[in-house]
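Just passing along the structure, written as structure tokens.
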Amino acid sequence: MEKEQYQQLEQNVTPKPPYLKNVAKAFFVGGLICAIGQAVSLFYIIFFNFTEATAGNPTVATMVFFAMLLTGLGLYKRIGQFAGAGSAVPVTGFGNAVISAAIEHRSEGLVLGVGGNLFKLAGSVVLFGVVSAFFVALIKYILVTIGVVSW
Amino acid sequence: MVMTFVFAFIVGGIICVIGQLLMDVGNLTPAHTLSTLVILGAILDGMGLYEPLIDFAGAGATVPITSFGNSLTHGAMAEAEKHGLVGVLTGMFEVTSSGISAAIVFGFIGALIFKPKGNID
Amino acid sequence: MTLPLLVVLMLLNGCAEKEKFIVYGPSQNGSEVEALIKEEDYVERSTVIYYDDSMLVAVQIKPWEKWKKAKLEKKLQKKFEEKYPNKDVFVSADYKIFYEANKIKKDQIEDNKLNDKITELKDLAKEET
Amino acid sequence: MVIIFQSKPSLLAGGVVAGPLENRSIFSQYFDAVYDDERWQMKTNEQGHRKMIEEACDAAMKKIGVQSGDIDYFMGGDLVNQMTPTNFAARDLEIPFIGLFSACATSVSSAIVACLLTELGAANFSLAGASSQHNAIERQFRYPINYGAQKPKTAQWTVTAAGYALIGKHREEYPSIEAATIGKSVDYGMDDPFHMGAAMAPAAFQTIQSHLQQRNQKIYHYDLILTGDLGQLGLKLLKGMLVENGVKNEELTLLRDAGAEFYGQDEAFQSGASGAGCSAAVFFSYVIQQMRAGSYKRVLLVATGALLSPLSYQQGETIPCTAHAIEITMK
């Protein structure tokens, strides 16, 4: 059998991802995580001195804390299998990526294992976050300097 | 206040749906998907659109990873406004989300107390 | 986790329904301030605290208008500054400020403490991170 | 080229040890031991992996009543970088050892080498097999265990199991290895590490075809052709290829796949089981016992392996695969 012919066969046999179902699950779980985040943020606004503008930081930290518990107990991967991007895209997914790598590489020690592999999965997010922020700010700075837009 | 929850749910859900489509239709790995969304957040902030989204949806916009790109860009732009070109570089982590620091700290703690387990359910 | 919270919030909302626009302070121009805010149809609820020569205007913007929050805040600030040029006006659309303003009213905080409290809220609202 | 073993070395015993999740395998009743602790009370997954190999070898040796001092050669491998679990097990077993890497096809490739040594007269007894430990393999090839990535329907679950066979000179009452085919490395341009079945099916197809042709056999000459870990989709693809080649539908029922059947119909495991321990565990427990019980007279075992590394697929390489086959008969 020729390669092309086989690739045709493979296309026919391999099931397509259930797009609609996956999207619905991602929407529901992702939305739920954000609604929980909203509740956490309301908690910080009411009981601590945080405003809507500043509550984001403690909220995110708290969500990452939840992610640590769920990751350590082995529950986050199950949520992930069900929800896909619904649990990967919220900051809890970022936390899961960092924390799961940390737990996994504990066996190689705290310095070489945890330290060296902490950002194994999430490093790309930090990289592209920083680099894109740099370029976006740079472009905006240039545009402001030549007077096209204002800050 | 109730509507804030509804909007947080819907906007957060929609951002996750974009991620799911990138994965399923675009055939991207999770790392590629998240990187794309972070860049998207940075660009939206550059156009001045992300802050209104946060005002509208609250945690629906601050909890998804897009807000990470937003806060980095926000810091860089705020410093650039004050200190010019140098600020672009120095301002980056000025306002940055606590996501990174929390992830590092909790990652460390998690590594100390948990062990990986290969269970399925 | 969210569900009970939502229920509580709905109850809270229901109770507050009667008093959407609250003015707290000496009564002479209370209705004037209220009318001023009611002109702005994007404001859902408001609590104004005023004393001596300061005025704290805490508003909640309607959900569908909220994405313009920053702009509307500025607009309202300008309006009040023009209307009360000799008063120190501070307008905020932040929920925290609104919540605290309501607490001031509910607890009937006295004038001498009021000043500190409002300065504190102003500082809080100006924080960025 | 097919290898014919004139002396017909025998599979004297098999030792299979598996992890806790493998309790759910439909083959678990044939295993020698299923442990509750996936790390075998060791500190790391890799140490547990090594321990599992040793236990499997012990189980095989015990059945024939020999000790590690009686074994002439130890052939085996696993999927961990540089195969340290097997290398370290060899250190503890103190048997002359060659590590073999054919990914998940190692169970059969090591058996072939053991048969060659037996045929040559160099070995009275040799141990051959392979193993995999889920946690140790997943973290290396994919993600940390606790990372919440969504696995597609095409994904397979790396089993925690070690399977070792004790191969010796021909004895009537044991299943014997008559012939073997060493597979080529076949690449049909598949590049999805979450769809190994599709990458491996062509390799299995080529090896089966070449073995049957050179042995002048048809599928129906066998009671069973059992592939290693193609998974449900990979098996479907293999059957599809065979049908294209003129194999009749009724013959296809003789084709089964260890990986596809391993965890039964449990959808949590997606397309089925995989890993070097998958084929080793099933071949050296279920198959040997069924043959000794007389259920099968002639069996073709085809272990399949995907020869990729995390590095190779991140660099955008396609996945070359191999399949090795041994033909086993029972009087």
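Going by the order they are written in, the chains are A, B, C and D; count residues from 1 in each one.
Simple rule for what comes next: contacts are C-beta pairs under 8 Å (C-beta built on N, C-alpha and C of every residue); 3 or more make two chains touch, one makes a residue touch a chain.
If you're wondering where the values come from, they're calculated on a predicted model, not measured in any experiment.
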| item | value |
| --- | --- |
| Starting at chain C, fewest touch steps before arriving at chain D | 2 |
| Chain pair, B-D or A-C, that carries the greater number of C-beta contacts | A-C |
| Centroid distance [mean C-alpha coordinates] between chain D and chain B, Å | 44 |
| Separation of chain A from chain D, taking each centre as the mean of its C-alpha atoms, in whole Å | 37 |
| Chain A and chain B, separation of their C-alpha mean positions in angstrom | 7 |
| Residues within chain A bordering two or more other chains | 17, 22, 32, 35-36, 38-39, 42, 52, 57, 71-72, 74, 78, 83-85, 88, 93, 97, 99-101, 103-105, 121 |
| Chain C residues counted as touching two or more neighbouring chains | 2, 95, 128-129 |
| Multi-chain contact sites of chain D, meaning residues that touch two or more partners | 45, 139, 144-146, 149-150 |
| Chain contact graph, described as a line, ring, star, complete graph or other shape | other |
| Chain D partner contacts - residues on chain A that touch it in the complex | 1, 3, 5-7, 9-10, 13-15, 17, 22, 71-72, 74, 76-81, 83-85, 87-88, 93, 96-97, 99-101, 103-105, 107, 120-121 |
| Chain C-facing residues of chain B, complex | 1-7, 51-53, 55-56, 78, 94-95 |
| Residues of chain A defined as touching chain C within the complex | 32, 35-36, 38-39, 42, 45-46, 49-55, 57 |
| For the chain C and chain B complex, residues of the former touching the latter | 2, 6, 9-10, 12-13, 63, 66-70, 95, 128-129 |
| Contact footprint of chain A on chain C as seen in their complex | 1-2, 5, 94-97, 99, 124-125, 127-129 |
